[in-house]
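Below: a set of structures, written as structure tokens.
After this come two complexes, each holding subunit A, first together with subunit B and then together with subunit C.
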Partner chain A sequence: MTPRRAPYWLSAPALLLYLAFLVVPIGAVTLISFQNFQFYGGIQPGFTLKNYVEVLGDGYYWEVFGRTFGIASVVTIACAVLGTFEAIVLNRMANPWKGLFLLVVLGPLLISVVVRTLGWALLFGSTGLLNKALGVLGVAPVQFMYSNTGVIVALTHVLVPFVVISVWASLQGVDPAVERAAVSLGASPASVLRKVLVPLAMPGILSGSVIVFALAASAFATPAIIGGRRLKVIATAAYDEFLNTLNWPLGASLAVLLLLVNVVLLQASNRMIERRYKAVFAEGAT
Partner chain B sequence: MAHLVLDRLTKRYGDTTAVDDLSLAIDQGEFVSLLGPSGCGKTTTLQMVAGFVEPSAGAITLDGRDLLAVPAAKRGLGIVFQNYALFPHLTVAENVAFGLSMRKVPSAESRQRVDAALELVGLVGMSGRHPAQMSGGQQQRVALARALVIRPALLLLDEPLSNLDAKLREEMQTELRRIQRATGITTLMVTHDQAEALALSDRVVVMHAGRIEQDAVPHEAYEHPASSFVCDFLGKANLFSVERVENERMVIGSLRIGIPQALAAHVRPGARVLVRPEKIAFAAAGDGALDATVKSRVFQGNHWLYQLESPLGGVLVIRQNDGGPRPDEGERVHLRWRAEDMRAVS
Partner chain C sequence: MIRNGWLALAFHGVFIAFIAAPLLIVCAVAFTPLGYISLPTDGISLRWFAAVADNPRFIDAFWLSLALGAVSSAVATVLAVPAALAIARRRFRGREAISAFLLSPLLIPHIVLGVAFLRYFSQIGINGTFASLAIAHVIVILPFALRLVLSAATGLDSAVERAAVSLGASALTVFRRVTLPLILPGIVSGWLLAFITSFDELTVSVFVSNPSTTTLPVRMFLQIQDTIDPLVAAVSALLIVATVVAMLLLDRLVGLERLFVGKSRHG
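So, the complex of A and B:
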């Protein structure tokens, strides 16, 4: 084994894993999406764009896509705002509290998605804790279950840690004296936040948001439980095509379209972040 | 009347006193350095003036105005931080303009003042760069321009040159002094680097354990240190103990040295006297010379640093690299110095 080959050998297990469990399934799903489905004959061999024509030509699927990316966009904005402030506060905490609250922030990720979502369902019900509390405050009950609001709240809860962690990582590299420099130049606390902290956290906010958007757009369990059977997003629609209608090719084409949109968005935002912040984080002098 | 006055300023953290009853007055246009080892309270003092640390007791006034009643953001002081603390997401021009935009200075005037500040610090043509694209010395200049452009009543420098390499540091010392003179701005600098403090300041305030040990012009502080701490901290020192006084002469080991006028009041048995290493010369053997053996000899470019062993203990000698005698390690030599170069140390 020559030293030049060593890196390939060392990365071979990981590469094989990706090949077997990522590339092959995605390839298979993509293939199926181009095959024909007959109600009495099942999947037929051959090549057809029929499924894509059906999805893109049907207003029902446009509505599903619209709802999916609408929910993902609102969740992304909510996570970006909440997560950024959480990270800024967390970054200022002294040590025993910092570790404790980081654990609290990461908490949702440590709990099984089904358990966590059913927990939300308990809180959300028409006689749930949340609506009872609103009743005490004199606010009219809010329809959380089977509504976009409920899905957005539950998804934001679980996805906020991704923004907190990435914003926190970018704040770690910021000299604390920078804040004091801004204050010494006459900046009010609001100006320090708006002109210094948020811009410096921006790479973290953007990269965290990209992750949140991708995860929110492809989330399954939360929309399935909180949204119910009626309030479909792409992931639950594809699931129903696969397991209820048994129309695998149609479900596969939905999955492929979701993947495409996610990949395009991720790539575009990564390019933008890199271009925008190249000069800011350039190493060394010219 | 003094411009900046610190009156019995004290800062306590729990049981430890970081700054202890410190009083200091600085005149308009003066450049004063707080000098001391880390933990002596100099940085805490600066931060109390800047408004980042609340004093436990005492007062700070600027032009007779109570500074402690004003929040940090409204004090209008120019501060240069140790790591420059530039805004990495802004260009050089935007960094310098930050304080002006906080003051809502109209953009035409702001541009003019930014250009003038960049010219003052010698950074013309760099306004579009980001800090990460600049060298340490250039970043230092940006930080200085950013602090000066708001026309502060007072300039605070926190270890401004400690992150620069030796050559650049010397260059920036000259620059800092030039800029401070050109603007006539009252300046308070904090440093642990004695060379920096001596080179830049009108007055050096040596601090130790939260208190002022000596407050004097640099040459005076070096030549006439007020305490053994100061003489140790400022430059290198040889300290000898006077054994007794005989016939108007002080006896130090085998040496009998006539007491100079300036020392007359201080010399008594047990008193300690100081001789700076550069004041000691190699001489011929004879009465009044101290016999010593060279332990080590280190070449430092423009001078040689000798460590010698004598009956009085270790002796440090610095000789200019001027072609004079330079004894080898292990050689026996005779040391001589003028009685007037001796200083009493309390």
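So, the complex of A and C:
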């Protein structure tokens, strides 16, 4: 093992595993998305765009796409707003509270999504506790279970820690003196927030939001449990095609489209955030 | 340091309640003495925990998930350590590309990985086996292990290793006695995060498992789709407690903040 080649040898086992069990399976599933499916013959050889025409031309699938990206957009906005404020509040706390609450906010990321979604199903449906609590506040009962609202609330809970993390990370680079300077120059708390903290945290807000959008658009467990059998999103529709209808080519085309949206979105937004903020930093240096 | 005003603290209180409420209600419902979902308002009971212990489907699924997590996180860590050392310590052609490629499963929706594995594993005739689940999980969790080992290896001062070499240590000795102990916290936390991720994984497993290889999250998901009863709440409560223990361990080991935020930004 020569020193020059060493890095390649060291990463070779992982690379070979990825080649055999990531690149090939993704390629294979992309391939069947271009093949025909017959109810009595299964997947047919050959090349066809039929599945994509069906998915992109059918009102039912437009509804599914619309619901998926609609839910993902609302969840992203909710997470961005709530997560940013919470990160700012946490950042201003003193230890041990800071450490404790950071644990409380980030910890749920390690708890199974199934468990967290079950919690919302209990609050929404079986116990009706949430509507009882809203009733005390004088709010009319809301249909959470099997509704977009319920999926949005539960997904916001599942994904908001990602915004807290990334805003928290970008606030660590901010000198507390900046905030004090703004206050000593007569800025109100609201304008410190609006004109100083939020702009400084913007790279974190944006990158956290991108992660949240990507994860919300491809979420499976929460829409499946809270949304029920009728409110389909892309992930649950693909699940149906693969495990119930058994039309794998059609399901594969849904999966490929979701992957495409995800990759394009993540790449484009990373570029945009990097370019935009590099420019800001460079200007600041001169 | 600017203090939080009352408005900020009120927001904080509501936010924490929002985060904690679904987890607390799961734990509360698990103690119900009644036969259906309800809050334990008149007395608590352990009957549903006893029911979990008597339910072979959940017990089997638990052991399967534990074995799967142990195997796949061990394999993922063993593969991630050399790759992380190469990426963090060497400058070579294709370094960025290899790093991005090895982290790429993080960018792929799990539903896409799930259907891809289902198609591929059925084609080569191993779908539903423990091996196929383990392979799928290694792909999903390797990036998590890699990121933490990378972050540990990047912070390493290479002068320590050079000193060992100049004192006559062989390459193997340097690795075993110097490098490995220094990056050990990163390896252990990467392994633990990989284990937890594997143990909790649902979306990929739901495609790859079959009735005889059902993981715990898949078992719970199928049960919840069917009916929501205090039994799943009791299983969930046990999982929450186990996760809290693992979380405190991780916090001691690396600090949760560093675990999630990650110090290094490779690719």
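Methods note: the second predicted complex is superposed on the first by the 273 of 286 C-alpha atoms of A that agree within 3 Å, B and C clash if a C-alpha of one lies under 4 Å from a C-alpha of the other, contacts with A are read in each partner's own complex, and residues count from 1 in each chain.
What we mean here is this: contacts are C-beta pairs under 8 Å (C-beta built on N, C-alpha and C of every residue); 3 or more make two chains touch, one makes a residue touch a chain.
What you see is a predicted model; the values in this text were computed from it and never measured.
Colleague: Which holds for A:Ala235: it touches subunit B only (first), subunit C only (second), both, or neither?
Modeller: The answer is second: A:Ala235 touches subunit C but not subunit B.
Colleague: Answer with first, second, both or neither: which of subunit B and subunit C does A:Leu122 touch in the superposed model?
Modeller: In the superposition, A:Leu122 touches subunit C alone.
Colleague: By the touch definition at the top of the document, which applies to A:Val183: first (subunit B), second (subunit C), both, or neither?
Modeller: both
Colleague: According to the stated criteria, A:Tyr8 is in contact with first (subunit B), second (subunit C), both, or neither; which is it?
Modeller: second
Colleague: If you tally the residues of subunit A touched by each partner, is the higher count for subunit B or for subunit C?
Modeller: C
Colleague: Can A:Asp175 be said to touch subunit B (first), subunit C (second), both, or neither?
Modeller: first
Colleague: Per the contact definition in the header, classify A:Arg194: touching subunit B only (first), subunit C only (second), both, or neither.
Modeller: In the superposition, A:Arg194 touches no partner, neither subunit B nor subunit C.
Colleague: Contact-wise, after the overlay, does A:Arg271 reach subunit B, subunit C, both or neither (first, second, both, neither)?
Modeller: Touch status of A:Arg271: no partner.
Colleague: For subunit A, which residues lie in the overlap of the subunit B contacts and the subunit C contacts?
Modeller: Residues 180, 183, which sit in both footprints.
Colleague: Show me the residue ranges of subunit B that touch subunit A in the complex, using the header's touch definition.
Modeller: 50-52, 72-79, 81-83, 85-89, 98-99, 102-103, 129-130, 132-135, 138, 146-147, 150
Colleague: Which residues of subunit C touch subunit A in the complex?
Modeller: Going by the criterion above, the answer is residues 1-5, 8-9, 11-12, 15-16, 18-26, 29, 36-39, 79-80, 82-83, 85-87, 90, 92, 95, 98, 101-102, 104-105, 107-113, 115-121, 123, 135-136, 138-139, 142, 146, 196, 199-200, 202-203, 206-207, 217, 220-221, 224-225, 228, 232-233, 236, 239-240, 243-244, 246-247, 250-251, 256-257, 260-261.
Colleague: Would you tell me which residues of subunit A are touching subunit B in their complex?
Modeller: Listed in rising order, the residues of subunit A that touch subunit B are 174-175, 177-178, 180-188, 191, 195-196, 199-200, 202, 279-286.
Colleague: So in the complex, the part of subunit A that touches subunit C is made up of which residues?
Modeller: The touching residues are 4, 6-8, 10-11, 13-15, 17-18, 21-22, 24-26, 28-29, 32, 82, 85-86, 88-90, 92-94, 101-123, 125-127, 129, 154, 157, 160-161, 165-166, 168-169, 176, 179-180, 183, 189, 192, 214, 217-218, 220-221, 224-225, 234-235, 238-239, 242-243, 248, 251-252, 255-256, 258-259, 262-263, 266.
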